[in-house]
Each structure stands twice: as C-alpha cells, then as structure tokens.
C-alpha cells in the first residue's frame, strides 16, 4: 500500500503544479473549466471559513464508513488520523488555507489525497458535496447561535446592571418623540432587555428546528451503501436526521430564519443606537458616550461624534439587505440542489459578523455610557407629562375619562400660553377648570408620585422594576444553560 | 342616569353631523385636523378588519374594570352588554363599519358613547390606544396562525395523498435542473411536505413567544389604577403578560416574525409553483394541470396557461416586499410608540392574505394535478442518471471513489457520443473501461434497482417513503391538536 | 347588421346572467375557471384604475385598424364612437366599473360587445392583452410622472419660499447630529430643494426612455395584419415604437425604474420628516408644526404629536417594499409574458399613491411650519461650532492645518471643562494656546461672520443663497415646461 | 524647511511605531479610540480601493490651493509632486496599502506627512473628509459606469452576432412558458439586446446627473478660504459644481441610482440565465453550453451543470440586497453627514463587482453557446403555435376575432385529443369547423409563413430583424462614443 500511496501522492503534486487545482468532478471532462468561470464560481475565498466543521464532519463520516464496513477499518483509521493531523496543522498555521481550490471540500479532499494517496478518494464514498455542505453550515450555525446568545447575555447583563445603577433616574417617557409620561431610566433600559430576551429565544427555537443531520442524503436521492446516518448525527451533536434526502439538500430555511433572527436583533440595536445618538446631542444631553468610543472631525476640533452608535444603526441595513438577497435567490428555484444556493454563505456570514460585532459594540456603549440624571429630571419640568395623572384624578371622582381628558386638555393649553408648567399650578387655578380637583390632585402631578403609582405588573414603579430584575436574572441563566448544552465544534 | 345617557347620546350625534368624526384626543385642540391630514393618517379603511378583536378585548377590559372596582359594577355591565350588542349587529350587517373615523378604536368608542352616553367614555379608563392596538393585533394573529396552520395541514394532506397514490412513478431527480439520479415522484413531493412541516413549526413557536398580553401598559408607562392585567390576559386567552410597559407598546417583533414565517412559506410555494410551470411545458410534460385552474389567451386559441402557479410564484415577491417594508419602517425608531408603527398592519394583512390564499391554491393544484408517469419514466432513458450507481459498483470492489468516478465519467462521455444510454451497454463494453465490472454492474444501472438501494433513512426507496408517510400522519395530527387548543376570538 | 347586433348583444347579456363573466379566452375550454382560481387571479379590482387609458388606447387602435383597412371603415367608426360613449358614461358615473371581470380589458371588450354585438369582437384584431396592458400602463405612467413632477414643483416652491422668508435665521449645522458649523436655516432647507430637483430630473429621464409604444407586438411575435404601429403611437403621444415585440411584452424596466425614482423621493422626504420630528421635540424646539397637522393622544391631554411627519418617514418603507417586491417577481423569469407580471401594477400603484400623497403632505408641513429663530440662534451659544474658523485663522498665519486643529482642540476641551463657550474667550486666553491669535481671531468665532465667510459657490453665506434662489426659480420653470409638453390622457 | 521636514517626518514615524495610526481628528482627545471601536469603524480595508481617485483629487486640490494663494506656490508644488510620487509607488507595488489606518484619506495624508513633514498637513486646508469622500466616489463611479457600459457593449455585440448567425433558426416563442407563436431565435436574442440598451442608457443619464463636483462644500457649510471650486471641478473632469454644500455632503442619491441601475441589469441577466438553464435541460435541448463553462458533480460522473448561468441568476439577489441595504441605511437620516453613510461603499462596490463580472460571464456564455436549431424546429411540430394565424385567416374573411378564436379553439382541442397537430390537418377537416377556411389557411399554419408575416416594425420576420441589426449597430457606436468622452482617472 505504501508504494501506491507515494505514487498517487506524486500524481497529486503534479496536479498541483498548475495554477489551478483539478476539480473533484473533472474525470469525464475534455475541456478544463475556464479561468474566468473558475474565478466567477469558486467559493473557497469565503467558504474556507468552514474548514474546521468540514474536517470534523469528515472524520465522523470516515469513522462511520469504517464501523459500517463500507470501507476497511484501517482505511477508516488512516483517513481520520490524517484529517485530525490536518486539523491540528491548520490550527497551528502550518497548513495554510490557500490555493486555487473550488471550495473548502475540494481543499480538504485534495490535500488529503496528496498526503495519503488514493485512499483519500475513499472519503467521499456515500457522500456528496450537496449533503456535506449543509452539514458544515449547520455545524457552523450551531456555533454562531452560541456566540450570538453569549453576546446577547452580555448585553443583557450590561442593560440590567445599568438599570439597577440608575433606578432613581427619572426621565420623560416618549411617544412620537414627544414627552408622554415620566418613567424611570431603568424602565426604559429594561425595555431593551426584553427585546434581546426574545432575540435569544428565537435563536434557541431555530437551533431546535435546524439541528437535524442531512448526512445520508447524498447528492439528492440517498445513498446506496449500508451506512448509518444516525451514527454520524450523534457523533456531530445533531438531535436526529432529516427525513427526506431531496429536502435535505434543497433546504436553506435555516439560513433564512437565521438571518431573519439577526435582522430583528439589528432592528432592536438600531433603535437603541438612534436613542444614543439623540440623547448625546447638546439639545438632549441625557447621555455622554465614552470618549474612547467617539471620533472627532478631520476639520472641526470641537467634535465628539457618536460614530459607533451611528454605525450600529446603519448596519441594520446590511442585514436587511442580506435577508432580501437570500429570499430573492431562493424564490422560484426548482428542487433540489442548484448552484444558486452557494450564495447562501455570503449572506449568512455577513449577517452573523455584522450582528455579533454590533451586539458587542452596543454592550461597550451601554457599559461605559454616563447618563445625566439631572438633565433628565430637569427636562420633566414644564413638560406636562403628568397631565394624564391629573385627568385620572377626575376619573377617580367619577367623571368619565373622555370628559376628564378634555378638561385637562384645556388647562394644559392655557397654562402653556402663560408659560407655566403643571408644577406651577395652584389648587385655586385647578378648581377653575373643575370643582372636583383637590389636594390629592396636586400630589398626582409630581413625577415621583406618578411613577410610583404605576406599579401594576409592567409599570414603571420601583416595585415593578425589582420584579423585572429578578426575572431577568433567571432568564439570563437559562440562556447560558442552553449554550452550555451545545456541542460546539469550532469558531463560527 | 337615563336622562344623562340621552343627552350625551345627542351630543354624540351632533358630532356625527359633520363629515368627520371628532377624534378621541381633540379635547385640548383649537384647530381641527385638516382633511388632508385626516385622509393621510386615518387607518380605519384597513384596521376595521380588527373590529371583532377590538370589541372582544374591550369587553374583557370593561369586565376587569368592574371586578377591580375601577368603575362601578353596573357601569361595567352596561359597557359590556352594549359592546356585545354592537358585536352581534356588526355580524348581522346592521351596524356598518363605515364613517370618517380615525381608526377602529375610535369607531367602537364613538359608537358606544352615542348609544349609552358619557358612560361610554369610561371604557378607556386605564387603557390607551397604544396597548389596545397591540392587543387587537395579537388576538388577530392568533387566528391568523390557526388559519395558516389549518391550510398547511390541508396542503400537507394533499401532498401526502398524492405521494401515496404515485408511489410507483419513477422520475429523474434533478440537481442544477440536470438529471442527477432517479427518484420516486412521491419522494419529490414529500420534500415539500417537510418544508411545510417546518413552516407550521415556526408559526407554533411564534405563537408561544407572542401570546403575552400588553394590557396594563397604558400609553407607555403602565397605569395608575388598581387594575388586574392577569385577569384580562386570561379572559382573552393569553398565556401571560408582557413584563415591561415600554416594550409592550413599542414591540412589533411578532409582526416581523410573522411576515418572515409567511415569506418562507411563500419561498416554498414559489419553488413548487416553478416546478409545476416547468413540468407542464410540452418539453417536460410531467404534469397536466386541471383545466379549471388554467387560463387561455385572448388571441391564441391553443393556450392552456398555468396562471395559478405563476401567480403563486410571483406573490412570493409581495411577501418579501412586505417584510422589507416593515423592517425599513422599524429601523432606527426611538422608543416607545411612534405613529410609524401604524404601517405594521398593512404589511401584516398583506402577508397573511397572500400566503393563506396561495396555500389554498397550491392545495387545489396538487389535488387536481394529473402526473404523467409514463413521460417521467421514459425521460430516464438515455439520461445516464444511474452513472453514480455504476461507479459505486467499482467502489464496492475496492476502487477508490475518485478513481471510479473518473472511469465512469469517460464511459458516459463515449456512450453519449455514440448516441447510446447506459441501458444499451453490454458487459463487454463495460469491461473495456474497467475489469472489475460484472453482471451486478448491469443490474445497478436499472433505475428501479438504484432507487430501491437507497433505503437508508431519508432515501428514495419505498421503505423510506413508508416511514415518511407514517411520520407525516403523526405530524399533521400534532398541528391539528395545537390549533384545537387555541382560543380563537374572530376571523383574521 | 342591426339585427345581428341585437342577437349578439342578447348573447352578451346571457353570459352576464351568471355571477362570472365569460373570459375572452374561453372558446376552446371545456371546464370553466374555478371560482377560487378566478378570485385568486382576477386583477379587475385594481387594474380598473386603468380604464380611461385602456379605452383611449382602444379608440386609437380601432381608428388605425380602419385607416389600414384591417376592418371596415364603418366598423372602425362604430367601435370608436361606442368606446367614446362608454368613456363619457364612466366619467358621469352611469357605467359602473363593477362585475366579475377578469381585468379591465375584459370589462371594456365585454361591455362593448354587449352593446354593439359581434363587431365588438373585432376590436381585438391585431392586438393582444400582452401589448395592450403595457400600453395602458405607459399611458398611466406618463400621467403619474406629470403629477409627481407637479407635486415636486409645489414642494420646491414651498421650500424656496420658506428659505427666502427665513434667510436671517442662523442655526447649528449638524454632522453626526452634533453641532458642526453655523449655517442659515435657508441653506439647510435649500438642500432639500436640490434633492427634489434631482428627483424630477430622474422622472424626466424615465419618461424619455419609456415613452415608446408597444402596440404592434401582439402576443409576443408581432402581428400578421398590415397595421401601422407608428400611427397609434402618434395618436397616443408616444415618441416612437418599441423595436422588438418580445421585449415589448416582457419589459417591465420602466416600472422598476419608476418605483426606484419614487423610493429615492421617499428617502428624501423621510430625512425631512425625521428632522421635523426631531426639531419639534421640546429639547430642540426649532419648529412648531401647525396644530391642524398634528394629533393628540387618546389618554394624554398635553400631547401634540407630529404624526404626519412620522407617517411620511414610515411610508418610505412601503415604497422600498414595493421595489423589492417587483425586483423579486422579475428575477429569473423566462421571456416573454408570464402571468407573474400582473403583480407589477400593485407595486406601481402603491409607489405612486404613497409618494404623491407624501409630497403633498410634506408641502403642507413646510408651508405651515413655524420656525423658531430665537431658539436656533441661542443653541449656537457655547456650542463651539466656529472652532474650525478659529483653527483656520491660524492656518492663515501659516500654521499647517493639522497643527492648528490640534491647538484649537485643546482650547475647546479646556474651555468646556470650565463651562465656557468660544464667545466667552478673551484674546489673552487665546494667546496662551498660540501666539499667532489676534483680534481677527475673536471676530472669526462669531457665527454671523463665520457664515458670511462661506460665500464660495455652494456655501451658506447670503450671496450663495441668492444665487441658489435664482437658479431654483429657473429650474422649477423648466420642470413645468416639461409637464406642459406632455399629452395626458387621464388621471393616474 | 528641510530640517523641519525631517523632524516632523520623525514624529510621523514615531506615531507609526504603535499598532494604530493616530487619527486625523485626535488633537483634542484625551482618550484614544478603543481597539474594538477602531476595528468596528475603520473603512480602510475596503475604501482603499479608492486610493487613486483620492490621490488624484488631492493633487487637483493642492494645485488649486496654490493658484488661489491659499498656500504658497512651492508648498502646492511639493504637495502635488509628492502625491504623484506616491501614486507611482503604489502602482509599482512599492508603497503598500496596508496599516491600521482609519480610511484611505488618513492613509494618504499620514503617509504624505511622514514624507514631507508638516507641509503635508496643509493639504487638508479648505477641505473636509465629508466633501473629499463624495468626490472620490464620484470619480470612482465615472470609471465604473465606463466599465459597465463597455461590458454591456460587448454583451450586445455577442447577442447581435449570435442573432445574425442564427437568423434561420425557428423556435417556439413562449408566453407562460407554453408555446405561443413561432419566432426566430434571433428575435428572442435581440430582445435581450434592447434590454441591455436601456441599461446603458440609464447609466449615461446617471453620469450626467451625478457628474457635479462636491469640492468646496467642506464639512457641510462651505469653506472660509478664497478657493476656486470650478477649477478643481474642471481638472477632475466634472461638468460643474454642486450648488448647496449641505446637499453636497449628504447626497447619496447617485449611489442608490447606480445600484438600482445594476439591479435592473441583473434582473435582465437573471432572465437570460434562467433560459440558458432551462434550454440546456435534456427536455428542452435547445442549447449546449461550452464544457469549459460547466462543472460536474463530485459524485455523479454524467453531470454537465450550467453553474455559471445559475450563479448569474442567483447573484441578482445580491444586488437587490445591496439596494435594499442602502435604502434602509438612508431612510430617516437627518442632514448632513452621518457616519451611517460609510455603509454606502460596501453596497456600491458589491453591486459593481457582481454586475460587471456577471455581464462578462453572460457574454462568454452567449458567445460560446451551441444552439440546436433542429431541436428547436422540431419542437414546433404538433404544438399548435400557429393557431392564432389560423384564426386570423377567418378574421380576414370578416369573421369577428372573438368568434374565430372560439372556432379554432375547438379545432385545436379536438385535434389534440386525436394526437394530431396543425400540420396534420386537411382542408376538409378545417371546413368541418368553418366553411370560410381555404387553401390559404393551410399555408398560414406553417411556422415559416407565420413568422414572415410578422414584418411590421417590431415583429419576428427577417426584414424586421435586419432593421433591428442596423439600429443595434448604431446604438453600440453611440455608447462607445460616450465612453470615449469620459475622463477616466483610475480603475473602478
């Protein structure tokens, strides 16, 4: 065997002497793929990122082939030990992910064959690149989901910690970007917590749905060797197997769903970023971003620009674009595998990279932001944001809400014309609008009182926030438990 | 009380004498909303579709207000009984959803106040349109999810039934729209089954995630009345309550997720539709669509056009558009409620209408399609689609797969040049390419044999399909059980 | 002939007795189109909007057929006079656009045949719905372009007029939403003028490119009658004819381009709307929107919400969605006509309606906005927005810009720490940072001076604005001239 | 001066010793930009592609500053000669575009300052990165437009040449992917020609609209030095200057329009690609793609997959995604420059790269495709695609078209049931359906005759094609003339 190995290894090297590596499928072809076509179609420049998952999955496949006697035991061992060696060499930087390969699968198989000769060619028995690539991507995605969930947990902890720290900061709550009712800054920040919670929840659902092995599907019709797909599934940490081989190689739902999850995360971050940009204007002045996260201007020496927040906001567009791109690619494609599907990876990687780095950046922004409690509190002065509470005082005296709303509406308008706020009003003035007003009415318009009255369940009172904090902690713990339970085979 | 009721009812009518109905918020305004602004902003033309959910939620709210003593018991009863009356009248067509109302909430409250006077104004106590509209939409969505799941079950049954019926139809399996390997038509159809299964699964997850009541959030900060949000949540079939009032009124995640689910469904249907269009060309001739689902040409008398399939394919674009639209709307919005959010309903209704009607149409197409088994089988002749099986025969003799692949590649090329197919080859001819070929090799290239050899798990053999059928049945049952467990309060 | 006419008119009526109208193509069909298929595919509910263009184009076609002797002269006259009658009746509301028709073409032809009998059937000679519908849409688009350009002119006039009125209002110019350099409000408003100018320019280019008649293309291959496509083109105001019949019926470029133009308009308006929302917060207070264009809250009596601006901002999403939708529909469609193309109209109408109404609303907002010059000017105090001018003073003394930037950067930081602004600095203080500062430096930091120094071409000085005003006027005139030159055949 | 130069060059090097280069704006900052923020925000990895345009524009700026006496003449000369040197060194690969720079502008200015000392800092006088980057992108776009137009011309020539070569190939023209009427293959191919013609036309319009210099706008307000923007505009090949400095730095319309143009190109190519995929199935067999542009399968030895066509089709999705991304980024951005705008380049480069390479690939596919005229012609047999011509024969005898359509519809249906085509019918058989049929009717149903009868203007007859060829040639010439007139300053 050894001799044979050397010979074919030599053949391998000869192939390698050209600028382009012989594709896996070129056996029956008379013409070689044109250079332009090669460069238009090769995915190696970006799918090499899947290298570790590709090798690990190949090792599992090789072992299963041996156990099932599809290949000889020693062949199986040779294949897996050489693949493990390659894996270590790549990690150490000894084997470079370089060369004119069509894709990562070709790189691995060609390198393997160069090293161990024709036996290398047995690795592809009972497998096709069609099921292989989906396997790689699912293993990658498992790691990507773990990373995103981890980052979400950190952002959630930053939000929780900032909320706890600023529990006494009162600010105007906004609707339509107009002052609506006073709220605690903590309450506002915790709104983002619950958004991110749903984001993690969605990723966990996706993991459950996608974590089925496509191996055994072959090119599209299943394989004609007595393999054991459940064995490879188990070795690779899948919860089970796909049930239909045509579906297994055609399915890119999990990628659409993944990018869709990322897009919702980015929408959330874009809303947070918008508020950081807004709040750090001189006009608002609610927050000062850490200087190390701001940039200046090449010509205006006074500038402190919230660039990181602006970029987070903008990059939401990138992920929306990636989602649109993939949906457009998939629309109207006949079954089963079509080369069109190759475009999935570009969109998938982009969505992950943008989303992951943006969560990290948002975490840094929140962790280091200096909120200006005084500015917030002072902006409640004269803003009539407790007018609803005043109307509700009348409701408590039995006046229908619509009527009370109208009385207070008139009062607010006339006070504003006089340049006064609700905090300036006296009981006598109130009584001119409605006899039912009393001392309690004057209490009701204090932001502190108004806030503490909203203690029901989801309200902005301190008690409600304490409940939120407790639940939040429990929730983060659950997500971390989910992550800990995942079999991660490489970095996404 | 009766007198008062009449008086204010009169006031109500007076308001109605103009062309526009007084908005709920107009108490403190000096100028009326301009006509152009009214028509640019009114959502009544489309959100009236939510009428039943709005009334049912109002009834629950009124009852809770009574139980919690926020309003008097008789007031609570009057409100809920009149609302129930309105509900029945709308159902009977006696009360028309017409008039210059701003939105469905205004229609309901104004009509109520016209009928029972100022007490009507008490309904809005401890509530805002901001939490109300999210409640309505979530109740609507629960019904929409049920309807979609029901339709998916029917399509799944149609696919299952067609698969069972055509279990003996063999056809070329395609990759890159080139003949790849022979498969059973049943197997191809079942691939769509599993796609739809994931679609239903996704909707079930969405339901769990979104089924939390926003009531109690008020405008954004919670409410300052001693209400019981858990009571309304329970009455309305929610599984619990939102934890943060700002999040409750700002959150449109569930709509993005809903449209995203619809978009994936439509991608699946667009692929099915593409194949029906393709298969019904004279060139393919694999299927004949029912004439009652085809149209002709206004000038070409011979035409039988697969319009329904083309429209399904195209309408995928509409849902992708709706998804992009909503994501773009949400990008960069500060918290909490902004009027921008009104655009959510247009996208949500469109996604549902298109998706639901398309699933029904796909079901009709599949149910009535006449598959042409002979045409399919004959297209396997001379197509070399069992070349892999021939190569695998060599692999079984110990030849590495890459080598075998190359040998058969050469054989195929040369046979094709002679105008021959694999079915025409003799053992002698085979042996000219490789000595290892034998009688078994001649068997391996028969489509029937190739197919039955793919019996592992997800393969295309009859045994695999039988397993798929059994699992499929179980799955449909589970989805129907989910639907049966939902509290549905109206038609979506 | 009269008798025949009556008979077939009777046949027409008989057909009409059912709930569905016999489609134009049903001659050779045994089964009728199923109800579900009819309702899934009928476009009459929305394409009836094209009625006038359809009839006018049919009149031109009928006349041409007569002139070319394809039909008899009296037939041609009967057809066109009856079509003209129908047109008038629809305008007067006598003939309703109702009934179970497949599309507007079917409505027109069926109604015509009911009225004048079998002669009506001659109208479709040498024509197909495939070329007919593109003709209708191009005629519609010409009117839509005119309407949009007209609306743009009005918004431009509003911007120009507001700019002239507020030429003395100084405000902080923003980059990154931080104060950058002082500018005139007029200059800021005129930026929107030039955006809208490009928008009109783009529509004018589109008109030139699309204004070629598709008539004569027939179903796809041209027609086999001796017709004169140039004659119909001229009658309908086209500048020429499409050169390739397959392209003529497949081409929807003009609709993609139209929606793309609309999307850019909406991006511009969304930026303007964002600023109106921002500027009308209490924190900014730069503008007060007219009360008649604001709404209040159903529960918060103090609210004045900038809903119209928020809706403009949001509706940008709708048009982006429509663009995505149509591009997705078109992707991967084989030539020539496919039913998928029917979806074009929904996207096209939506883009127009949203864009046109949004331009009108933006015009109302600008026309009635009260800008607060005092608030703007006062916000320049202490904002260091003339720091660049101070650095440039050093540059004028020969200090390299980078160095000067660094010196002033330090000054600004230290002043800010002392709670001072640039207006508070003395010459002595300046000199501590750099000896080269002098009296002129103290002048340079006055906003009024800084602004007037930017008089080069596109700068914010008064002289530059005067030039802009003059050019703006000229430009509006040119657009109006373009509109006046168009042959408009109906309302879009 | 020399000494000073050395000293500051040293300072430059010292700065360089760290891993990160000192940003241009860091003068007044106490904290350095964090590593994470640097890597999240730096655009150098992709905007370095603009290097040549950045340097050329800087040379023009430096010269203008000298001429206008803003800097001394020798300073101006030193700046421009050193910049020219840098340009040559980069071209020769001596100066690498490497290092931790924020963006290409920082790279150029820092390198310059390292080399010539503090004088380098004078380059940025009267300029900001805000106007500089728009200038660079517009210069880039001019080259990109030229490249795209050039590629379009080549594809057009390939289409024209293939059309001329195959003028005698007859094929079924399709609507709804059903045989509609016979056409010439040339006619079908020329449809793509006219699509591409509009594509070039659109790019030419864009060039006219965008070719205005933003220089002089500074950061946003114009500049306070006596510069001459018209001079730089002229030196750089612009047709004029932007009129409003705020608009100049905020405007990204030209990029949206550019990507929109690319998206329409890609829609066209995706349609062509879909047809190549379809036509190269064994079922159609209309075309054989060059083997050097096909790939095989890693496991199925018989495969010849049309991967290049599939990838073209799919990549349409990428450009649609880029368009959506940028529109989403721009939506709701306040004026003027925001860091969000940095995302424009990623979308712009991606759109160009995908579109340009796809046009080239489509050209290769068309140039080398082997069309199978026999297969096409034979597929016309029995397809009833001249049924319209038969109906029109009756119309010529005075029978209304609707009636004729119905008669032929019946005939077709009954022939099909008997397994016959129109070519099998006899005059007697015809007469059973309508007496008016005669010998001419038998002629009319020959594809050759039907085709030649469609000679009006845009029809499929040979005469029409000859006209198309002549116009096509003229058109290509005009586009080439446009390209030749452009001042191109670098490779896109």
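Things to note:
Just so it is clear, A, B, C and D label the chains in written order, and each chain counts residues from 1 on its own.
Keep in mind that, in the parts below, a residue touches a chain if its C-beta (ideal position, glycine included) is under 8 Å from a C-beta of that chain, and two chains touch if they have at least 3 such contacts.
Quick caveat: nothing in here was measured; it's all calculated off a predicted structure.
Taking A-D and C-D together, the chain pair joined by more C-beta contacts is C-D. More than half of the contact pairs of B-C, counted by residue number, reappear in one of A-D, B-D or A-C; that pair is A-D. Our note on geometry: chain B versus chain D, Cα centroid distance of 35 Å, whole angstroms. Mean C-alpha position of chain C lies 24 Å from that of chain D.
Inter-chain spacing, taken between the CA centroids of chain A and chain D, is 32 Å.
With touch defined as above, residues shared between interfaces to two or more other chains in chain B number as follows: 24-25, 27-30, 124, 175-177, 180-181, 218-219, 278, 296-303, 305, 307, 310, 313, 316-317, 320, 323-324, 327-328, 331-332, 338-339, 388, 401, 405-406, 408-409, 412.
The residues of chain D lying in touch with chain C in their complex are 24-25, 27-30, 113, 118-125, 130, 173-177, 180-183, 187-188, 190-195, 198, 201-202, 205, 209, 216-230, 241-251, 253, 256-257, 260, 263-264, 267, 270-271, 273-275, 278, 313, 316-317, 320, 323-324, 327-328, 330-339, 388-389, 392, 395, 400-403, 405-410, 412-413, 444, 450-451, 453-461, 464, 467-468, 471.
For chain C in complex with chain B, the residues that touch the partner chain are 23-34, 36-37, 40-41, 102, 105, 124, 127-129, 218-219, 290-303, 305, 307-308, 310-311, 313-318, 320-329, 338-343, 346-347, 357-358, 360-361, 364. Residue ranges on chain B touching chain D, taken from their complex, read 175-181, 277-278, 280-284, 296-307, 310, 324, 327-328, 331-332, 379, 383-385, 387-388, 390-391, 401, 405-406, 408-409, 411-412.
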